[in-house]
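In what follows, structures are represented as structure tokens.
Note that chain A is present in both complexes that follow, paired respectively with chain B and with chain C.
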Partner chain A sequence: MSMTSTAAPSPQTGAVKVAMLISGAVFVLMMLVGVLMRAAQGDLLDLDPALFYQLMTAHGAGMVGTAGLSGAAIMWYFLGRHVALTRWVFHIFLALFLLGVVLILGAIFLGGFGAGWTFLFPLPAISGGAWDLGAAAAFLLGLVSIGVAFLLFYLEAGRAMISAYGGLGNALGWPLAFGGSTENAPPPTIIAAATVTVFNTLGIVVGAAVLVVSLINLYLPEFAVDALLAKNMIFFFGHVFINASIYMAVIAVYEVVPEYTGRPWKSSRIFALAWASTLLFVMAVYPHHLLQDLVMPGWMLIMGQVISYLSGIPLLAVTAFSLIVYLKGSDIRWDLAAGLLVLGVAGWSVGSVPAIMDGMISVNKVMHNTQWVPGHFHIYLLLGEVAMAFGFMAWLVRGDVAQSRFTTLDRLGIWVYIAGAGGFTLMFLISGALSVPRRWAVHMEDWLTQDRIATGFAVLAVLGALIFVLRFVGGLGRSSKA
Partner chain B sequence: MQATILVISLLGMIAVIAIFLRAISHGATASQSGTVSDNIEQKRSRLIWGLLVFGVIVTAGSLWNWPHDAEASSDSISVNVTGGQWFWEMDRETVPAGKPIIFNVLSKDVNHGMGVYTADGTLLFQAQGMPGYVNKVKYIFENTGTFKILCMEFCGLSHHDMNASFKVVANASGEK
Partner chain C sequence: MTTGFQRCGEFALALLLLLLCAAFRRTLEADPVTHMLVQLPALAWAGWLFAGVASVRRPRLEAAPTNAGGGAGLLIVFFGIVFWMLPRSIDGALTSPEIEAAKFLTVPFLVGAPLRLSWYRAHPILRGFLLSNALSMLGVLAWLYMAAPIRVCNSYLVEDQQRLGLAFLLVALSLAAIWGGRLFFKPDGGSAGDLLPDLKANGSTSYDT
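The block that comes next holds the complex of A and B.
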């Protein structure tokens, strides 16, 4: 461990591999938890509701945290190609992250905490006897620890980009976006990383504030925050954080896909503009989570609906569109990494359709908090962020592109994963359309059929994921990118 | 309503999948067809403008009548619905069909969500119940019969057991 930055940029491969190994293992483990929950909803398994809600809390926090971890590792790796990062910061990041995980697991499985990963105020303090205040405090402290880990991460990333590009505005690509100046235009990785750094730092600061208030409230109930304000802060933080994980993971697409297509992914003006608008949209869209909070100002709900829709444009017309143009114009040789990275962008794009639908106030009236919601977000997480993370893992342990082979096992893995995740998420959407509420430990008789079919698909998805992780572990020993 | 939403979403999703599949299968023949054509950027801006225009139309159409209108009128009837861990309280058990009913949704403790369902399990509308606030939602029941209230916001251990029911009757006053 050295206290100084390395002089020349170089990716921190070893630590990133550790982070991806942890991510892959936790993804599979939490997917198994997901299978248990879905099986319990389908009455294939008898889970005590208290345990169901504990598992739901672990699955939500674990998956969101791991999506963040894998996205951060991808960003750190490729940022390391362009700017000199202080290496020990990533070690502290991992350590604080793991400390948070330990606190959260303790809170849930020793303390019985089960208020959901969104810790919606004032539920952590008012458990109706299911858990005590200590468990709630441990959970909130665990999230604080993970928040601090990410703050450190972004501070260092921001520092390195600012010093390399002479200011935040330059790193964000604003001279290119708003002036059309291609001189010293930063590469796509920098524009994306700088954008995420800005919005996720703000998101985490707001999240930390509401966490601290909730913590104090546990022990001093008269110190209460307004429930509507807390809800706004929590959904701002939650929305920004989970989106940041996808926007970080897509950096792998910008950096790796050109190896296959032979065309560099360039920072065009439209690219820089897309990211500039994303910066605004990601932060302004969160009221679409509050469309049934009728005391919210009408203009905010309208903003939530309008920006939900607008957010789809940079994704579809810039990232997905460019990827499609690159694919069409080249004779790509597929392998596991290429397949999963392209799948990630496709899944993200597909998931935006039901997401935008749910962002409409009139649709939201009958879809909000039904299983439509886990339906759409599992599409762009399972088939989006997580696919990109698995793609990056495959790429990390892949040899030279020329020697890389698309084995039968790889193909099998991809198709089993697509079939499993596709069927599983489709069943969520169907359940949502049939008015099944989300986050119910026990389902009514009429809902069981979809639950059971979904459980079968979920098992397939886990099998696919298991293949990807085992391939990664097997490749770790003989990989060239040391 | 829900079936329409599902069908529109599935069509949109299939369209996106088809575009990706075409690009992937096209890639294999790309080496013969030569370089990427110059009109790509033109296509892209057409896509962006198309999406924007489409968005303006859908937004205007879907918000023209404010979906959350809850104004009281001379013939409207108010009901207070209060959620608590883990029960619903209503200050009347019957409401009339054909008249605007304004639901005032409240909470005694944590966040809850009042989801109003038909007897056969279709969600008609919902509103959050939050400590310290009154969320108002208006609905006109066209049919009489029994309706259910399920909880739509996770509120702890017995969230899934928080159900209640009420009756919609033909009588204009809504009394039994």
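The block that comes next holds the complex of A and C.
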């Protein structure tokens, strides 16, 4: 039976709350795993190195996946304000995501898989007896399941935006960016969501291909994989995916901050141009992950470095600068949600500085395998994406805006979190500058002081995060009212 | 709306495709690239056109309740494609007249025709998923044919199958550009071609539920 269905745009609050509850719980759990790893590196805890690498794999996959989940929930919620979304798609998305999580956790903690979330060829297949092929296959299948979940999510988001705006070009704001036409200009949420939909769908398709290739190679190793091609495909997928999680989360800033400032976040021509350039840069910049692969074509490495400089401009010049302009002189009444969302943009911006430095070939030669790298990505994730996700969670259960208060517990939580996350990431950068290697389960005597200080800061960050999550759980019965 | 003239044209084109595939059978099948990427798609296209003509004469074909959401038809297409992707089947078509005849019957009528009768009834998300999956799996096939340490078809050389792998990659990239491009630049605004053919500008959709 063929029929027509029309639905009015409305956010899917219940399902999004479930997604954010899962995200918050996993964030805290994975942070605790991070504390264990830093404590073990600091010799405060006796952790078997094999277990360390299993925890590192769980931490990496768990955090990247949960950053994606929380970002997707934010995008879905606010996209639902502007376009009619098919609601069951989000349920299937959640179910496939959780199936993937079960497979990945089983692979790691039952099968002993510890090759890192990047599953770089040929490590999953050549474990030296640390895990069997079944564990590696379960891990890869788990990623496939999560990839399919996101593919369905973006297909529905894309369908809804094409339907409402008459093509992705319009949803991306290209008539505004390249023609200056303000007629029917999409709101910032649509421009950001359309951009992420395009580049992350491409990333997922490439990721699916390399995952299936890796699965075949596990059982039929005579079907050889070109290691460099596989690495390129994995890092294209991985780079694009983790950036997508931040770009999806920033939608919360575009939608929520105006409620506090009373100034709507508008789609200007510069805004649309910034996102149009981000669409190109986010896909073209991934070779900066491969600067130590000397067999890479030289032009790709140079492109990675040059675009690393450029990719910071739309971010810093548009989102952060606009935020300052919107906040300046506004009659904003701060609360936990507003504080965390602004912190998220600040952390994202600050984190891009050491990231751009590491994207320089001459710096990367020295710093790539040091803790400088986890230093920069922990800044823009812990103080960026995760802060935005916690901010969105606080806003989601804020209740009536007139009764919203910045309580002492909220202030304590946010300052403890800033101090903990800031100190923790700074210790990574200092350790990196001192050439302390990353991904080592056992550290030398000279490195233990930084590890122990970092462990203390990590505990503070977990405490802050715990306050945010418990506060969210306590307010689950409430919804945000402007 | 399809006119009688268009119907005749489609029918004639379908017949022409079948005849050309048969007439140039040896030439097309001499090379795995033209066998897999010219002859088989042309046969499927012929079936697609036949189904279009038939559904105008028999509208119930397109609205069959047994094919709600296009599920049954797409499953037939899936198994049809899977069978003709097997190197053993391709070898059989080259060496056995019976299997060759089966190819000329099954590819149009178990792949092309049910695809036409099911595609527009499927949910847009399913269509999008199938197209995305087709792109990534064409990439995987490209790798499989280029990396295979053995001849997968007895009738073709290793160099031939490597060329076929490269051709799969080019097809994947071309389809990605074409399908993706239509989503961006569709001039009428409300529709996005075969990917999402029945989306209306007001946000409504029309497909089987």
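Note that the second predicted complex is superposed on the first by the 471 of 482 C-alpha atoms of A that agree within 3 Å, B and C clash if a C-alpha of one lies under 4 Å from a C-alpha of the other, contacts with A are read in each partner's own complex, and residues count from 1 in each chain.
Rule of thumb we're sticking to: a contact is a pair of C-beta atoms (placed from the backbone, for glycine too) under 8 Å apart; a residue touches a chain by one contact, two chains touch by 3 or more.
All of these numbers come straight from a predicted model, not from anything done at the bench.
Participant: Using the superposition on chain A described above, determine whether A:146 touches chain B (first), chain C (second), both, or neither.
Facilitator: Once the two structures are laid over each other on A, A:146 reaches no partner at all.
Participant: Is A:340 touching the first partner chain B, the second partner chain C, both, or neither of them?
Facilitator: neither
Participant: With both structures superposed, pick whichever of chain B and chain C touches the larger number of chain A residues.
Facilitator: Touching more residues of chain A than the other partner does is B.
Participant: Touch check for A:216: first (chain B), second (chain C), both, or neither?
Facilitator: second
Participant: State whether A:158 touches chain B only (first), chain C only (second), both chains, or neither.
Facilitator: After superposition on chain A, A:158 lies in contact with chain C alone.
Participant: What is the contact status of A:206 with respect to chain B (first) and chain C (second): first, second, both, or neither?
Facilitator: In the superposition, A:206 contacts chain C only.
Participant: Figure out whether A:442 sits in contact with chain B (first) or chain C (second), or with both, or with neither.
Facilitator: The answer is first: A:442 touches chain B but not chain C.
Participant: Please work out whether A:89 is in contact with chain B alone, chain C alone, both, or neither, and reply first, second, both or neither.
Facilitator: second
Participant: So in the superposed three-chain picture, is A:169 touching just chain B, just chain C, both, or none of them (first/second/both/neither)?
Facilitator: second
Participant: Where on chain A do the contacts from chain B and from chain C line up?
Facilitator: 226
Participant: Over in the complex, which chain B residues touch chain A? Could you list them?
Facilitator: 1-3, 5-6, 8-10, 12-13, 16-17, 19-20, 23-24, 26-28, 30-31, 35-36, 40-41, 44, 47-48, 51-52, 55, 58-59, 62-63, 66-68, 70, 85-86, 109-111, 113, 115, 117, 121-128, 130-137, 150-161
Participant: Under the definition above, what is the set of chain A residues touching chain C in their complex?
Facilitator: So the residues of chain A touching chain C come out as 1-7, 83-84, 86, 89, 148, 151-152, 155-156, 158-160, 162-164, 166-170, 172, 201-202, 204-206, 208-209, 212-213, 216, 222-226.
Participant: What residues of chain C sit close enough to touch chain A in their complex?
Facilitator: 63, 65, 68, 121, 124-125, 128-129, 132-133, 135-137, 139-140, 143-144, 147-149, 176, 183-186, 188-190, 192, 196, 199-209
Participant: Under the touch definition given earlier, write down the residues of chain A that touch chain B in their complex.
Facilitator: Result: residues 49-50, 53, 114-116, 120, 122-123, 126-130, 226-228, 231, 270, 292-295, 298, 301-302, 305-306, 309-310, 312-313, 316-318, 320-321, 323-325, 327-332, 342, 346, 349-350, 353-354, 357, 360-363, 365-370, 429-430, 432-435, 437, 439-442, 444, 446 of chain A touch chain B.
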